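There are structures below to look over.
Below, chain A partners chain B and then partners chain C, in two separate complexes.
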Partner chain A sequence: MQEFKESMKALQAAALHPGKTVRLSMRETGREAIGCFPIYTPDEIVYAAGYLPVGMWGGKTQIRLADKYLQGFCCSIMRANMEFGLQGTYDFLKAVIIPAFCDTLKCICENWKVAVPQIPAIPMVYPQNRKLETGFRYLIAELKRVKKEIEGIKGAEISEAELEKAFRIYEEYRAVMRDFVKASAVHPLTVSPVARHLIIKAGFFMDKAKYTALVRGIVEGLQALPEEKCRGVKAVATGLIGEPAELPEIFGENGICIAADDFAQESRQFRVKGREEGSVWEKMAYRTVDQEGCTFLFDEEKPKGRMLIRMTEETGAKAVIVCMMKFCDPEEFDFPVIKEELEAARIPILCLEIDQQMDSFEQIRTRVQSFVEMLNEDVI
Partner chain B sequence: MENKITSKQMLADLLDSHYRSALEAKAAGKIVAWATSICPQELLETLDIDVVYPENHAAAIGARKHASEFIEQAEGTGYSSDICSYARVNLGYADIRHSEAGDIPMPDLIFCCSNICNTVIKWYENLAKTLKIPLILFDMPFNHTFEIPEHSVAYMRGQIDHAICKLEEITKKRFDYDKFGEVMELSNQTCEWWKKATDLAKAEPSPLNGFDMFNYMAIIVCMRGKKEGREVFRLWHDELKEKADLGIGPWKDREEKYRVMWDGIACWPHLSVTYKTLKKYGINMVTSTYPESWNILYEKNDRNGMAAAYSANYANRNLDYGTGNVIKLVRDFRLDGIIYHSNRSCKLMDFRQYEVQRRIEAATGVPSVIFDGDQTDPRVFSEAQYETRIQALLEMMENNKAERQEQCKNSKRA
Partner chain C sequence: MYLGIDIGSSSSKVAILNARKELAATDVVNMGTGTAGPKAALENALRAAGAAREDIKYIVATGYGRINFGEADQQITEISCHAKGVSHLMKDVETVIDIGGQDAKVIKIGKDGKVKNFVMNEKCAAGTGRFLEVMARVLGCRIEELSDLAERSVHDIPISSVCTVFAESEVISRLASGAAREDVAKGAHNAIAKRIMGMCSRVGYEPLLAMTGGVALNRNMVKLMGIELGQPVIAAPYPQAVGAIGAAVFAYEKSERAAERAAEA
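And now, the complex of A and B:
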């Protein structure tokens, strides 16, 4: 029993110290690292090449150098990545993969080539028409192009067998993570919102095989415990990210239990199971095809609102919390649409505007408190 | 005496009839599409679908100072004030459906091309969802390499073929490939005349005042595939050519002292003040990145070429291309300075602007300034800041000119 709690603690600490964690992972595995920008990157290819894929979701820092490239109204994650790049924090990386999921990311990739020339940028453009045959074929070609670029850095080819093995390791990781979020939902006292967030985040900085084993241990530990009742408000959370860590801490302080999430940084990374059929390339591509309700992937039906309603129904959540990343256009465009649908379904919504560099949380704390009080009054 | 129509009158008449005929088409039960400004309109034109362009309409609403009403409406439904103001104006219009600045029919079809930004994907996705109408998306991957990659061309070509099938389904008409060829040819000709006309601003003094180009842009957006579109640019070209041959500059009452490029979209709600401030100092905006953006040229009936041409506009290309393009403009148009509009609405343009500015300055030595503004949100512009920046540019350009004159004088003495 104690062992899984130790793992929980260790992973939370790992997530809070990314630099240290990545260095340790590199030492333990003997792998060099390649940075992977949000939202999605083909980490399996990086892993198959013998590198450690490292998630690059910003972090707290003082923005000084990045102002040379970006105006102040740029998303805080991207400003932080540019800042770290310019400061030399990422100099240990052999390359970075920068996908063009939004207009900001396109520019970041172009700027990176100039601003951080010591770390080669591997651009990647996922198709938006991913459900058309032509989009599917394009995606496979793009994945193979990225593989070639990584081979260039490695100076050796990546075999199909290595890629298949990496894909299996990642599929296992994703399956265990799906189990973890389910187990956390029914153990909200043992897994607080901040613990849940940090445990998931730690995966970005560790070797997936080792990380998966630790999370599996946590899942088994949780499953052995009796289910716990949420003493406050069960909510579904959505947005690009649900951090900095003070944010889920405030949720926890106010009795909010995360019943499920739709964060790009969290469940969107692993909620899609790979298909059984096809080559490993097709399997990788299908994961993009099959992703539903992601802000960064075109869908004429815009199913996110319906998906969030379904998530609340399935988990018995009473509310939806939207963590709106300031200056994230795609997420900002989705909001009015999901708001209308959630309101029609009479699901209360709390929209919090967040910024990764924010250091004052009082306003958010007050809004969360009032929201919880309002919902509790409704119950009475 | 011959009663000859000028291109300016023709422009006004054409725009008027463009919007009127779209409204009439809608009233007659015909299919109307809303489309993005640099989309393969050839497909819609071939099927005789009336098209209106929300970006153009939003610009018109902005220029006539009616944007606030629609922006407030959109923000009231939950849209952030951070997102593109064309989108906010249009999404607000989709609710209110009437503007004193002019109306457009509501669409039956949404036609979106991501070569100008990913923002339009989100904006048009919302329109299609809210209005419950079909959406055809042309996804044109951003070109991080200088050339358009082959697999991107294949992907885009596949989308053109898919769109044809989808349009046949929607219109219940057979796609006429012969007509398609004709529309392709015509669209190419319109683009050529647009480019030829705007290129005449290379003459010194320039016969063209670049703010006029902003007005003519409406036609290259809305009527690229129509004979009338081609004719207006041919006429405009002839008028400018005549002026250039006679050495006539952009203004009757003022001399062109300095020639600049304007980077980015106009500040439509503040068009007059941005223009008059420049004119006051004899600064003529002779070009921008826009003439090149609609220089969409490809061989007739070559769908792969068409896909590549549409993917090749400035906004969809890498920094090396963007920089090379502006350096060429500086040299071809003999520019004295550059004005960069840090347009709060357009992150794709903004977040490359600083680096482009540095590279252009290093390569050409041409001075430049950046000012804060927005294409349609009137709140994001300060007249005082704009004027101060223009004065700073003026001072730098004056110094450069004085230095050049001094150098010439010295070289003569030697």
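And now, the complex of A and C:
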């Protein structure tokens, strides 16, 4: 019983110390590391090549050098990545994969080549028209090009069998993570919002096979417990990220239980199950085609609002919390659409503007507490 | 007696209700969280109410410094407390505009002062009391004189920036190019009104609208707010102390409920 709680603690600690965790994972597996920028990268190819894919979702730092390339109005995750790159924090990486999901990412790919020349950049462009056959074929071509570039770094080919094996490991990881978020939703006292966030985040810095085994143990431990009642407000959370960690801590302090999430850094990474049919390349590409409601993947139907409404209905959530990354154009463009749809469905929304480098949380604390007071009269 | 204390960024406010839920005393000290302001306001209010600390049955703390006030039985946000305070003091108000020293909020309220929705400014002094303080300094007057200065304006001068830092530069440029202080003062008031209008539109607003917070002491600001919104806006009584009054009402209700539960048991 206690073993899974120890795993929970270990994964939270791992997420809070990414540098240490990555180095430990490299030592344990004998793998060198390749950095993977947000939002999506073909981590399976990196893994198949024998490297450790490391999620590069920024982190807290003092921005001093990055201003030369990314102004103050750019996404704080990208500014942090650039800062770490310039400071030499990432010098242990063999390469970085930089997808072009937004204007800042498009710029950073070129900036990186000049600013951090010691770490090769592998660009990747996901097709705008991913649901059309031409877009689908283009995506497969991009995946194969990325494979070639990684092979160039490795100095050896990646076999189809290695890739299929890596894809299976990742599918297993994704399935276990889907179970984890479901189990967390019905055990909100055991898995606080900050614990949930950190446990998910730890996966970016660890070998997926080892990480999956630990999370599976946590899921089994949770499933053996009786379900717990949320004592505050059950909410669905959405946005690019739900951090710094102080943010989910404030949710927990105020009795918010995360019934489900739509964070790019969290459930969007694993909520899509790979298709059974087709080659491994097609399966990888279909995961992008089948992703719904992601701000960074074009969809003229704009299904995100409806998806969030469905998520609240299915989980019995009472509200939606939008963590709006400051200066994130794609997320900001989506917000008016989802706001209108959620309001029409009479689902209360709390929109919090966040920044990864923020260090004052009083306004956010007041908003979150007021929102809970508004929805849950019992607290006042 | 029941006490509410609102510890803001730039002032501390205390309200005390008596056993009949009537306002016994209020006090405002222009020193906020992290200063001697909360203690001074507390002592002043107790003195004004003719009460001792032991007479207080329940304390609710609100405002930016609510979490650090160790004497409170409960802490409730200023959003809930302003809604409660307005509802206690005024009838039929459906929208509260609260502009304090460093933040601004628009709160839609329902029956019994329950919050229906709210919006709060981001981490920025645009559209807050701090903006007016900076404007007063640039215009060479005291904050209390800013309203009268703006009322003497004869020409509309737009202050296009709502960012306090940029607006300061803009105002200096206007003055340097010969604009009248009165017109610039009115322009600064209008800049806030437009900023608050945007917040009102986000949350949706219904008449009757009431203004609370220190900025509601500025008559011209209240008037211009009404013009911008196309609806009459009235300043709440005791505008600075409304949050503290709301906190005191919560303190009264909490204490009453606890007494009822004890009686039932």
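Keep in mind that, in the parts below, the second predicted complex is superposed on the first by the 377 of 380 C-alpha atoms of A that agree within 3 Å, B and C clash if a C-alpha of one lies under 4 Å from a C-alpha of the other, contacts with A are read in each partner's own complex, and residues count from 1 in each chain.
One rule holds for everything that comes next: a contact is a pair of C-beta atoms (placed from the backbone, for glycine too) under 8 Å apart; a residue touches a chain by one contact, two chains touch by 3 or more.
Just so we're clear, the structure is a prediction, and the values are computed from it rather than from any experiment.
Novice: Clash or fit: how do chain B and chain C relate after the overlay on chain A?
Specialist: They fit side by side.
Novice: Please indicate which partner A:363 is in contact with in the superposed arrangement: first for chain B, second for chain C, both, or neither.
Specialist: After superposition on chain A, A:363 lies in contact with chain C alone.
Novice: So in the superposed three-chain picture, is A:373 touching just chain B, just chain C, both, or none of them (first/second/both/neither)?
Specialist: Only chain C; A:373 stays clear of chain B.
Novice: Hey, in the superposed model, what angle do you get at chain A between chain B and chain C, Cα centres, nearest 10 degrees?
Specialist: 80
Novice: Return first, second, both or neither, reflecting whether A:327 touches chain B, chain C, both chains, or no partner chain.
Specialist: Touch partner of A:327: chain B, not chain C.
Novice: Mind telling me which of the two, chain B or chain C, contacts the most residues of chain A?
Specialist: Of the two chains, more chain A residues are contacted by B.
Novice: If you take every C-alpha pair with one atom in chain B and one in chain C, what is the shortest distance in Å after superposing?
Specialist: 5
Novice: Please write out, lowest number first, the residues of chain A touched by both chain B and chain C across the two complexes.
Specialist: The overlap between the chain B and chain C interfaces on chain A is empty, containing no residue.
Novice: If you look only at chain B, which of its residues touch chain A in the complex?
Specialist: 77-80, 82-84, 87, 114, 117-119, 121-123, 125-126, 128-130, 134-135, 137, 139, 141-142, 144, 149, 151-152, 154-155, 157-159, 161-162, 318-319, 342, 344, 347-348, 350-352, 354-355
Novice: Hey, which residues of chain C end up touching chain A in the complex?
Specialist: 64, 67, 76-80, 103, 114-118, 120, 122-123, 250
Novice: Once bound in the complex, which stretches of chain A touch chain B?
Specialist: Against chain B, chain A makes touches at 68-71, 73-74, 100-104, 106-111, 113-114, 123, 125, 127-129, 132-135, 137-138, 141-142, 145, 295, 298-302, 324, 326-327, 329-330, 332-337, 339-340.
Novice: What part of chain A is in contact with chain C in the complex they form?
Specialist: Residues of chain A touching chain C: 348, 353, 358, 360, 362-363, 365-367, 369-370, 373-374, 377, 380.
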